[in-house]
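Have a look at these structures, which come just after this line.
Both complexes below contain chain A, partnered by chain B and then by chain C.
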Partner chain A sequence: MAIASTTTAPADTAAAARLIAAEERGGARLTAAMLVTPATILVAVGLLIPLVILFRYSLNEFVTQRKLMVEAVTIANYAKFFTDPYYINVLVRTLRVAVTVTAICLVLGFPLAYVLARTQSRFKNLLLMLVVLPLFVGSAVRAAGWMTLFGSKGAINATLMGLGLISTPLEIMYTETAVIIGITAVNLPFMVLSLQSVIENIGRDVEEAAFSLGAHPLAMFRRVLWPLALPGVLAGTILTFILGMNAYATPVLLGGPKFQMMGPLVYGQFAGVNNWPFGAAISFILMTATLLLTIAANLIVQRRYRR
Partner chain B sequence: MTSSALLDSRRVGRWALNGAAGLALAVILTPLVFVTWLAFFRQEIPSFPPEGYSLRWFAAIADEKKFVDGFSLSLQLGVMATLIGLALGVPAALCVVRFRFPGREALGSLLLLPLMVPGVVLGTSMYVFHVEAENALDVDVLGTFWALLAGHVIIVIPWVVRLVMASLAGFDRTIEEAAHNLGANPVTTFFRVTLPMIRPGIVAAGLFGFVTSFGNLEMSLFLVGPGRTTLPIAILQYLEWRIDPTIAAVSVLQILLIGGAMLVTDRFVKISRVV
Partner chain C sequence: MARLRLDHVSKRYGDFHAVRDVTLDVADGEFVVLLGPSGCGKTTTLRMIAGFITPTAGGVHLADREVTGLPPWKRNAGMVFQSYALFPHLSVAQNVAFGLEMRRLAKADITTRVAEALKLVRLDHLAGRLPRQLSGGQQQRVALARALAIRPDVLLLDEPLSNLDAKLRQEVRVEIRELQRQLGLTTVMVTHDQEEALTMADRLVVMNEGSVRQIGGQRDLYERPADRFVAGFVGRGMFLTGRVEAPGRFRTEGGLALACDGGASGPAVLALRPERLEIGPAPLSGLDNSLPGTVEFISYLGAASDVHVRLSPSDRVIVQVANRGGDAAPEIGATVHVGWPATAGRLFAPGGDPPSL
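Let's turn to the complex of A and B:
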């Protein structure tokens, strides 16, 4: 790892150049191994081994009085999670928020993805950048934007009160609605980009064919566009769902301390109460729930696809 | 249905479509617009409508040590993680695309794995790994700069592998053969033919790697040590406490930095081709 991380880019491109030479000399396999090994070792050591250790930790015991982890093999941490209504509630809330956000993203994202894919405008690249830019700005900054809107003296309440529509400010901050709006805005670009790349590869002529055969736009969408865009729908839905399940900054900032979701719950166990075994178990429950639902979505769509 | 009714419904459909697309774009951009607006408020309390406008909050950032230090750490991490990620990821991508060997697909998936594992899980697993490494090696690991950097390299690698693999997929190898037949040696061929052709992929990989590292929050939360905070974490911690024009000004600077990086990248490779 130490050697790998001191490799500089020029030395590396020279190595890649040697690859082509070696390939011809017949030492291809050895060169291939040399090229791919450093990255592989780093990812394996830096990610796979930690995941195994994390799982091992989740089977350990935690002595509350002394705030100490004791080595053991027990499923007590998992049992604790699934027998306490508080934690089940957090999991259910997280699932509910993630599913709602994903559905809204699909409904809102499809039209934008379609327009972006089909537009001939010279502003297309600019529009795409406007979609991509927020993606990289970070969810904390975007949550700050919503905070200026949602607060009791924020833009929404000030406007509504100024218009005389309400007399007391609406409670928007620290509600599930605020969190859902916030995560939707964070995840929407992912959905739009997943859909846009697939729609772009669907020929305009299949749509025109449907129209010339007298199809209503809605029928064209349901019978032609949607089935062809299904791979993009699936990719976007899965990505959005995973990101919704694992949201951190948005629920912390827009939901407040009382609104718990799985991501902040894990952090609290590690940083707050130092209960590593329980934190590790919640981490695994979160990952497993996400994976299972992702696989289920895959299977359902594949079955419908074949029919 | 008569044909004019059909045309009417297509026109209505187009209006509805554009309206819905506009709404989606508004949802994406609204938070950025409002945080930018707040950065120019004269009063400190974020109440609407503003009492007036001022630029003083941008000057105030320089006095907030947490943001200056956070920015500097995030910048160092981003640049170093991107360079190391490119140095490791580009040859790995070349290898996975060019060679046929057993376990090739599994290897490709492994290199993309950090993109699939949720940030919180990445953070917790690396945290316990650092604890174990510290116990085994008897040196400081947890919370050190190098441990944090290793984590960032791991999340940069999948972007590099993915984008370089994509740019190699459409690569016409007969051009390399032509160069070879014309007497170019392999080193010349690589630098004069292969590298220029995959340059857009490498530039895009560098940009995506950098912004991924620079903006990472969830994983870094678990890996930062005392007195060492990245910019996204500093922003989060400040916002947990209060929202005011100072934090909005910091956000605006971050938006400008990332927007600038994207515009520069767009000159090398069209954004629409890489996302």
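Let's turn to the complex of A and C:
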């Protein structure tokens, strides 16, 4: 009898606890709903609605002579893009620049993020500020700065020629290299911050455990640090890739008029030749390419490291 | 044969001596415990053996090899971390296999040795789990299996039990000790829990403020503490301050005249242990010291009670009385007599920092 009563009592309390928990969950759901509502509305109004309109525009016709958009349902704009080698070229170049920038950011950013995450220095916050500092300078100002460095009479060429290493100035300005350097400088902070926050949460003791088990630093990195940092790698990579694909100011200012990337191309169609349907179509192609590659990268990484 | 040898090892951080001139030989198959209060340099010493910290002076020898300047991955020391430090992205079996893979063993050998190690800690049925799907005690055993699998020259344990609840700690204590005996593992463990240290060690190293105060077996430390610190830290000690008036005669600051065991004239501290004192309603015959006093406080501890007796305005002692039931326990305010043989007290030079009881 005594046993029976002791077994029912916990059951009762468990039931009561479940009830309370359920109520709390309900309450939490309500609060959560209230918290995400403003953001949801903002995203819907600010992003989804324009996207829907944009997509509709991309199916419209454009009358060149009168520079007018005419209501229609046609895929002519998309066909125009994919049949003209010029546009294909711009897309390929954009992808190439974005992938290169992302790779450079990862290679440069990882050691930097690691040092920032592990430092015991009192100046850690200052160091973090230094990483973000480039973002305080607007694109135009930064590009002007790069010009003084890259130009035919810029600092780099002046130095190299002064040292007698080269006789004619190197062409850095208005090349893909200049654009890649420029975008890398803008994107690096995003990569570093994404990685740093994840690495910070990987215990130092886990690395030490690997060392004590006979792993030299490279093996430790490959088997422990990298797989554990992967969420940060993924976040940073996606962020820099998207920023690279959509770069506007840097390609315009450092690439010059003949260097075309997707971002400036879209803007040119809208503002320059007023061809909204084609501009809308390019926007969608850019967005889709970015999205597909991001998802693909995600899947590959997940398959590789899933367990 | 010394498996592990610390030769006048020191570690300085700026002006601060975290570890000061530690010399220690650990024999093959021996279980040595580093014991001391927080901040005394135990972890620093252990990490110098593992290779995470390079000593500022002195040498570390492991399995007849000087390893002082070697990085951890070139030593063969198995370490169990206080936090366990399991690899969160690897399964239990993969965690245990890690060290073997680093040693480039054949796949088949790795499989057998992982199974062996997991069997030793009775976790073979959980080989496929991830660390986060294990209880604290199970995680601890995985950490142990992972360190054992590499067949280390020395097993290093940094407070391995501190994250377990009291009951589990007792069990794991015995388990680790049995495993260590069975495998003949040379082991160095760090703890600040003296009960843990006393029950597990072959030999204890008592440290304070970076230095070794005494090395010895349980009985050595308990019966013959080298100084006042060890007397207070190992077991329970009470300290009566005063002076030795003549060999065999001690006078407390409160004016009590006590018989003691030898001693040189001058200021001194007399250390007593609560379990060595006797208490009775009448003067105790046959003991060198028998003093009247008043019971001020009693704390009931189950198997025994601590009776706090005031002997003089400035001298109070604690007497541990076994609770046998039946016999009338002293009451607060009662007048009692406390006695002990002269040999039950130990004399130390004054000063130092006795942890109060």
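Note that the second predicted complex is superposed on the first by the 261 of 307 C-alpha atoms of A that agree within 3 Å, B and C clash if a C-alpha of one lies under 4 Å from a C-alpha of the other, contacts with A are read in each partner's own complex, and residues count from 1 in each chain.
In this section, contacts are C-beta pairs under 8 Å (C-beta built on N, C-alpha and C of every residue); 3 or more make two chains touch, one makes a residue touch a chain.
The structure displayed is predicted, hence computed values, not measured ones.
By the touch criterion defined above, A:198 lies against neither chain B nor chain C after alignment on the C-alpha atoms of chain A. In the superposed pair of complexes, A:285 makes contact with neither chain B nor chain C. Set against each other, chain B and chain C touch different numbers of residues in chain A, with B touching more.
Shared-chain residue A:206: touches chain C; no touch with chain B. Once chain A of one complex is fitted onto chain A of the other, the partner contacts of A:224 are limited to chain C, with no touch recorded for chain B. Contacts of A:214 after superposition on the shared chain: both chain B and chain C are touched.
Once the two complexes are overlaid on the shared chain, A:184 sits against chain B while remaining clear of chain C. Shared contact residues of chain A with chain B and chain C: 211, 214, 216. Residue ranges of chain B in contact with chain A, taken from their complex: 1, 6, 9-10, 13, 17-18, 20-21, 23-25, 27-35, 37-38, 45-49, 83-84, 86-92, 94-96, 98-99, 101, 107, 110-111, 113-114, 116-129, 131-132, 149-151, 153-154, 157, 161, 176, 185-187, 189-191, 194-195, 211-212, 214-215, 217-218, 221-222, 232, 235-236, 239-240, 243, 247-248, 251, 254-255, 258-259, 262-263, 266, 270-272, 275. In the complex of the two chains, the chain A residues touching chain C come out as 203, 205-206, 208-216, 219, 223-224, 227-228, 305, 307. Note for the complex: chain A touches chain B at residues 1, 4-5, 7-9, 11-21, 23-24, 28-29, 32, 35-36, 38-40, 42-44, 46-51, 53-54, 57, 108-109, 111-112, 114-116, 124-125, 127-134, 136-149, 151, 153-155, 158-159, 162, 181-182, 184-185, 188-189, 192-193, 197, 211, 214, 216-218, 242, 245-246, 248-249, 252-253, 262-263, 266-267, 270-271, 276, 279-280, 283, 286-287, 290. Against chain A, in their complex, chain C makes its touches with residues 50-52, 71-73, 75-79, 81, 83, 85-89, 91, 98-99, 102-103, 146-147, 150.
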